[in-house]
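Two complexes follow with chain A in common, the first pairing it with chain B and the second with chain C.
== the complex of A and B ==
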């Protein structure tokens, strides 16, 4: 199993490296165009509620929140080489932070976002002690086990209302527009976090590690601290996104909040979008959410169709959509290089 | 060169998918625009109480959005739904010519969205039905995983919703509701009947919990503990198990050591099958085995092999021997179950009762409302007082209709290897029950 995992990891690393090389080639001369694209995108996104109906708003909310999740998984898997199957731990923590703060104690929902971020970071710090002693496939499985343990713990925890979970009734009064702006803040926020991380010394260290851990260590990169920082940032933003998701969902139960399906969605988005690129999770989130909406028209076989599409994309475009665009299009709106 | 060709094919395929998807979304978007107006209209109507006539008279059909577990572990509840739907919609649309809405006879059309037996997906599916498909009334079903998030959607978008098939206590956790209503069973009443059934048996009164970590298991633990406290019964709790467990030997060993003669298990059928077979392998056969959630289907009992299912007691949510009828179909519970058995293979599933009652109520509500205005529809739902295959149903102060859930036993049958008999129905005395309870043959070995 270890050799298979290493082979997959090598392929992923190779794909990431090629995507990055493509991104570097695209580089120059995109300054003004990038600002223009950013400006238009922000205006369009901020004004969506003025011209779109509830359905489009809901689709946009899902895209933004899933994009945030994808960005954080990509930060771990695509840059730090930490292939986690346990990111749902932080989604659940974020969701329960919202439920307990607003439903159990009747406090403002906004407070829950700060608590979600704080608890997620503290929890990530605690589990990093045993988890970071594991490597490769063991790390991957270890993160998954942590999530399963959380699901069990919350199912039997009276303070968290056992497996019954919570209906977050405070969200009944919120309109799709309210939730959209929260999702927009989380989605754009996650993008900004990733963008600035990758342009910082931490980002350089991450990319060096991703390409060759031993070489990076020899050149002075502190592997443990770099990975830990990345893990904590990812946990923090995923926790906040979790609170945002359950603001939209309005009902939380341990088995769903800590379920592996969240990470499956993240991996799907990042892989089809393009691993190791900032744009990949954005494209992946758009495709994933749109596909899910379309597939509601095919009840019973929707998961089969989604699976076939995922397999087809992985086989035909192993570097994701960005891997194809990277060689042809010179637009680089998320350049991780300083110009 | 070959790679280039692949990429081109991929790009074309993706473009087609995207165009297809965006077209679907665009359709939603444009009609959402319409619906924004409709939605505003309905909001205004809510306040003013005046039907928004122009919005409804243009309608050509009544849209019912049914967010249901078509896939996943809860999909078993939906097995007979297409058959019931065909039967009931034939009665409403063809035999009665539809329902009179604002002066026009309109047929009912049911649009399904798959919740995939997942509460997150249930929320998304119900939201899509409301915001894209613009359904006039929302229906959601089976367990709190479906009923609670669908009720939340109803409250957020202020659309009348009718949910069914969950414990009332769990559903009410999301209340108080304004727009969501429910047809659910009450766990306290169910446990009362089960304890009444145990009272009729000669046992050492030691009750062992075999409860899962899911919401039903947690509810069962709370209710049984509360109801058995201070009685002659003694509780033994070996701890909750996780759904999907394949090795129960540790739990069985504890139950055997504690000399437990009554087991109350909250298990889905695959888990119970594993558990019960391991009990037999381990030589531990309690005098009474009562199971909630699973073993509702005759085929499941047969699958226990040999005599394994004989005498198993369980919580039945509907039975052909209920002395009630469907006003829509003009058939008794027995006739409906017999018709199902004549047109399908095997023993009738109990979920037929819920589906038929849902259409009975839907037909009654829409006929009385005479409009698709949301506020008027909600008022009509809440004013429901109807005799169905569950007996007379009306809403309590929590907007919930409490339907019977009674103790039943699988015993050797005439037409099928096993048939079920109601053995305790004190909480719903109109339902006949049979005495005495036969202790499973397997326990007498």
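== the complex of A and C ==
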């Protein structure tokens, strides 16, 4: 088990290394074009509701929220060397924060987002005490177990309405456009968070840790504190995105909210998009959401097909889609390189 | 002079392997202390203890007058203890520049701006300014070793611990490393420098300490230490490689290659003609042609970056050539898969002694014998390599990651021999080995050679290389600039060949 895990980790680091290499090469073409692309992207994204129908809007909402989830998983798995299978804990916490605040107590939804962020961070801080004592594959399994425990607990917890969960009715008072702007704020917010982390001193330490943890420690990186920061930031944004997701879904229930399929989709997006890059989760989210819409009509085998696609991409393009693009496209929109 | 570091009675054991047995020494402020000692003497272990990676079983470490036994790894860095790693641990996904920045930003809490400015100065100091934006993962072993020094210097250490920086370098490159260390000393840094390249100890250190069997054998003026009989007994051995400088090629050893006995068409084992290799836009190998005769020991001499590893990797099918052919025993093997080439009987010890770290020594060796031909003879072969490297037998059940640097190098040579090949290609054969072991290895190679095995060696010591080979090639910037029977080349021919090209380049 542990050797398989190491192998995966080796592939992962190899992929990261190559992606970074391309990032350096691409760096040269940045500049004015970057600003132009950003400008166009923002205008397009902000004006989508004026010309797109509800179906497109709903798909876009999913893409933005999943992208935020992917970014946060990438921060842990792609940079901090923390392979988590328990990010669904925070999605569930976020979703339940929304349900309980708006449904049970009838308070404004905006408050729910703040509570989702806060509770996620506190919860992450508490569970970090035991699970940060675990290394490698034990950490991975530890995070998963925490989520499973949450699912059980919420199913038997009166305050959270047992396994029945909640209908979140404020959704019906909102239009798709409202929800879209919420999702846009979360998606863009997550990007900004990641970008600033990577450009900061924390980012430098993170990249060093990703490449060689023990050497990073000797060079003066405090491993525990750096990992903890990432874990908390990731929990916070994932919690907020979780609230966003359940604002759209309008129905929450423990087995779904704390189910591992959330993290599976995060891993899928990040791996096919390109691990250890900022662009990877964006591409991954777009592809994942489109695929899911297409595969909606084949419920029984949709997971099988997704799995086959993931394996094919890993075999054909071990660095993810960004890896293929990286070599040909000379625009680096999210350069986190130091020059 | 005031004392910066004192080590008292340090002991550590791994299982029943008592590595350090009461080692004591001290280092004064702004001094360069050299450390030599056999492979596995515990030199790297000592640095790991000083930086807090390992905990000693007993003994004290007094740094700046303070016992640092309980100080954590990062805090020791903040206190000004910096180090390099013998097996480089660069941050592969980051550029050279970013690697150096880490030292300042993480080790000294500088802002990125300060660290960046400092990094550029350090890159100039270690002669890597031209590689600034390359990814560290793409660098060759020797560049990575130099980068280690840069990263350590960036954290502005008070005490710099260097674990073998000069292995595998040519003489002029060794001089440049000595200059780097002297430069650091001038800036007020105190240095502990572990090295097997004796020139660095003699020219670069104030005092040299010889460690063997976990104890301080002798410590004092470098020349006195090298001359002492104790050091000869445990470390230098008997061969006079180091005694008489400039004596030229004394080919006292008569060559009795098996080649003469064979008909001429069978004499050529490996023929490389008109080989060109590109790394991206950069041409690493220009029109190289070589003929390796059966039963010969052929050496390739050349500076860091001359293209030796690229050449050997191309022969092994790891790189694809842009032009030219490689013919082995009459078969064209150009561009074939590495596994197919290995099956034909070419074995290579990779640069940097890469071993399977999570496998035991025996398992590593058996990995060498995976080909059907080798599998049959594996017990026999195992005995042969154990006899060649007794220390590997001692450690046969240990994980390879616990071997010392020199022991890893031995393992990687032994693994190549396990393949029962026709040609063994050794990249940087003597890198990181104690002189006495180098002599041993050459004696063993000669034995194997007499049984008919052909060798291609990359060796930096010109004299040693000429003395032990039948034929030599000198490479400069991807071209062969000189070749000839080793007995007819002299050391000055070879160094002229270097300079000749350098003048025009």
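Keep this in mind: the second predicted complex is superposed on the first by the 332 of 339 C-alpha atoms of A that agree within 3 Å, B and C clash if a C-alpha of one lies under 4 Å from a C-alpha of the other, contacts with A are read in each partner's own complex, and residues count from 1 in each chain.
Operating definition for what follows: contacts are C-beta pairs under 8 Å (C-beta built on N, C-alpha and C of every residue); 3 or more make two chains touch, one makes a residue touch a chain.
Just so it is clear, the model here is predicted, and its values are computed rather than measured.
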Combined model on chain A where chain B meets chain C, clash or fit: fit
Chain A residues touched - chain C or chain B, whichever exceeds: B
First (chain B), second (chain C), both or neither touched by A:299: first
First, second, both or neither for A:251, with chain B first and chain C second: first
Partner chain(s) touched by A:155 [first = chain B, second = chain C, both, neither]: first
Chain B versus chain C as contact partner of A:216, first or second or both or neither: second
Contacts of A:166 with chain B and chain C, given as first, second, both or neither: first
Which of chain B and chain C A:204 touches, first, second, both or neither: second
Touching partner for A:310 - first (chain B), second (chain C), both, neither: neither
Touching partner for A:45 - first (chain B), second (chain C), both, neither: neither
After superposition on chain A, the shortest CA separation from chain B to chain C (Å): 10
Chain B-facing residues of chain A, complex: 52-56, 58-59, 62, 152, 155-156, 161-169, 171-172, 174, 176, 248-253, 255-256, 259, 261, 287, 290-294, 296-297, 299-300, 302-303, 309, 312-313, 316-317, 321, 324
Residues of chain C touching chain A in the complex: 51, 53, 73-74, 77-78, 83, 85, 89-95, 97-98, 101-103, 105-108, 111-112, 116, 133-135, 137-138, 151, 155, 358
Residues of chain B that touch chain A when the two form their complex: 6-7, 9-11, 13-14, 17-18, 20-22, 24-25, 28-29, 31-36, 39, 70-71, 112-114, 116, 118-120, 123-125, 127-128, 130-132, 144-145, 148-149, 151-153, 155-157, 170, 173-175, 213-215, 217-219, 240, 242
Partner chain C, residues of chain A touching it in the complex: 3, 6, 13, 16-17, 20-21, 24, 201, 204-205, 207-208, 210-212, 214-222, 276, 337-339
